[in-house]
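Paired with subunit B in one complex and with subunit C in the other, subunit A is shared by the two complexes that follow.
Now for the complex of A and B:
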């Protein structure tokens, strides 16, 4: 992450602002920064999305491949996550520099998204114990300005919404084995139900209050934070403490409540935006990185 | 490749282009705010991002620093979803390391490194979508990013690929043409002086044809140079409108 240096006076300024519910960029404690979402940006993938949250910029591409189901869940497909902290984001990530952050992020994403409650994994099964779809979710960090988890989770939800998996028909082969046949028609495809896919809300404890969508500067003032993943119904699916410091039980309770409220409010506009974008279909002018 | 007709009897290519025709080029400078310079380019379906950091102090071991000029540090990587078959690692494989080295050589020839002794310039390029001509897209994007960072160069570096099919030189190859197994030449040119910053050719070619191929590639590079120049001028115009009173 791009290193920010915040001096004591700046810290006091930011903390006093948070106390009065007025942050450095004019937001309240529960407000997100300006967000831009675009789906279907990389045509080599089965689904893709790009999310800009302030200066944080992430690109998610999903590729579906046929694999073998895991023995523990023979009738389910699964997701694989890979987070590429590219040197584009900051020179510190050059070479193997970004690997540690990348694996930390992908482990959390795995816990949040790869379960039957978030996504209908059974729909990804082609033939139990034999074949299933494996969704490779590849996250590319292009620019980091705090709150990576939230931006990545929104991008993943948008990309899953955009994902189209070709239909497969199973026919009996000549030698008795099953043969898989993929449909050639790009419109003959399966969509994923993303209704229950959660979004992650990260809350940072600053002074006695907590803020949503902290920038790097604000993160430097906070000792610890809480990551909450919330579905559209307001169900919490995952809670994790992040950062080096410690939190009191009461503040964890308060933060989960805020996370629940903010997360629940996040889903409806997101889904509306994704549906609107899809309704425009081919007429939509693709902006990508040229806008 | 047998069965794939790269050049039709009428003289058109697979995607309907003429042999000397380039793909559509679209580019934008200043894509990111945190980097010192950045650019994005689309050449047909090939999409590349370039980011420049520096000139800054030499990072890591001090022994890398040169007392009379700047060190140019390049990293080439491809997004794991950029190719038709998913890649396992974005960088660090042999092909990427080779490409990083080529980029470094190209930009050492173009950037006025002697102006920044004991410092380092980082150029990071990323292929977001790959459809042939990755090296040239990277060089063109990096050129724009270096200009965006305000680092002086001798000239634009423009790169283009060229191949030789049925006694005709074809330029700006797409993936299908590149993977056909024929000759592929990548050439980076400083158009004003006509100097070649890098040339690389795979597969064999009769010496008599080399001149024609080089000439075709250089013409393509010059036209690309004009496109890049247009992008830079338009970007400056937009920026100066914003900063003007």
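Now for the complex of A and C:
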């Protein structure tokens, strides 16, 4: 992780600020930074989104390809995650520097998103045991300023909303086998139901309290945190402890409760924004990377 | 809570430059002049006999010499500059300090004040106790004592103004946005103090009550800062970032005006682009009024 150095006195200042519910940038403990979301930013993907959270900047692209279902779940499609830590984000990622963080991120994302409860994987199945859609989710970190998980999960949800998979028809082949036929019409496509896709809320324990959306400086003051993925109904789908320190059971309970509340509140504005953007359609000028 | 939290990105507005102080601004590749009678300075190169800019910034002319002063840059130190920096390494008889310049700066053991203000030659014991004074990650403010031939800076803290920094907030901006002034230490009337480092590192801290001179600048108080002080510091931090995003020169007056014009807004609202824009616009107006 891109670490910043923070001296003892600064840490004390940040910790006392969290205690008083006034963080260094004036936010309260449960406030997110300003977020900017745009979908359909990469034309050669089936769905893409870019999320800026403060100075954190992530780009997610989704490509759909036809593959073979996994033997354990023959009637389901599946997702593959790859997180690319670009050296643009921080020089530490140069060469193989970002690999560890990348695999940690993609592993967690796989756990959070690749299950029947968060996404209708059955809808991705074309022919049981034969063919299914595999969604390759590629995450690119363009800038890191803390709270990667939350930004990535929101970007994934937005990109999934934006994903359009071409319709497939199965016809009987000449030799008895099934033949797949992809629709040529770009508007003849399937959308994914993203209603149950969770958002991740990372809570960092600082002193006796916990904060959401920690900046890098705040993260440096925290030894342990909790990652909670929450659906729009407030159901928790995944909980993971992050960081080297330990947490008391009581504070884990408090943190999951906060995570639930904060995470639940994320979904409504996100969906509203995505629908608004879609309603504006081609009238809206894309900002992309030149804004 | 989430109202106005998420939004679609919008295009950056074209900033209108007031006509009274029109500046010659260039981007890399712009031809500054095709007249051959000029000398090539920093930030320029000769392209087919034409003087061309290699960085984005403002053209400066001194007689026949043409330079381009970049907007976004590392810190070019000059003797006497006030800097804020972070210790990155403790070495023999010296500390390495990160000061946003191209090379790490050095702070020699012989150019610091010893705790207690003792004046004597540094001995081996002092060398062993170096990490007790300043350790990795500590923030200091110092003055540039000299510049080495490779551009690295040598710092000194031989004054009670300088030394280790205690509780407060560091804000990092581009060095070209900090206006050079007689003093870079200000006790702002809004209740906090500010050190505007020439290297673009700005330190905000609660105004100290009474100076405890005998500590020699190595003692830091870990007492909690009061909530009103924190509010002022956080507001100042957001104001400075707002000014920096809109490329307004930073000095005591501009910071103070921005602070005053941000009063109607909540501190955390100052992170929103439209509030930033509004506050900076009012500040600009006031600065123009004051100047004219």
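The working rule: the second predicted complex is superposed on the first by the 288 of 291 C-alpha atoms of A that agree within 3 Å, B and C clash if a C-alpha of one lies under 4 Å from a C-alpha of the other, contacts with A are read in each partner's own complex, and residues count from 1 in each chain.
Keep in mind that, in the parts below, a contact is a pair of C-beta atoms (placed from the backbone, for glycine too) under 8 Å apart; a residue touches a chain by one contact, two chains touch by 3 or more.
Since the model is a prediction, treat every value here as computed from it, not as a measurement.
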First, second, both or neither for A:72, with subunit B first and subunit C second: neither
Which of subunit B and subunit C A:24 touches, first, second, both or neither: second
Subunit B versus subunit C as contact partner of A:265, first or second or both or neither: second
Which of subunit B and subunit C A:145 touches, first, second, both or neither: first
Contacts of A:277 with subunit B and subunit C, given as first, second, both or neither: second
Contacts of A:136 with subunit B and subunit C, given as first, second, both or neither: first
Subunit C-contacting residues of subunit A that also contact subunit B: none
Subunit B - residues contacting subunit A, complex: 26-28, 31-35, 38, 40, 42, 45, 47, 49, 51, 53, 59, 73, 75, 77, 79-84, 86, 90, 92, 122, 124, 126, 128-130
Of subunit A, residues touching subunit C in the complex: 5-10, 12-13, 16-17, 19-20, 22-28, 30-38, 52, 54, 265-266, 268-270, 273, 276-277, 284-285, 287, 291
Subunit B-facing residues of subunit A, complex: 2, 42-45, 48, 55, 57, 59, 61-63, 65, 82, 84, 86-91, 94-96, 136, 138, 140, 142-145, 288-290
Of all residues in subunit C, those that touch subunit A in their complex: 1-3, 5-12, 86, 88, 136-139, 165-170, 220, 222, 224-225, 227, 230-231, 234-235, 237-238, 266-268, 270-273
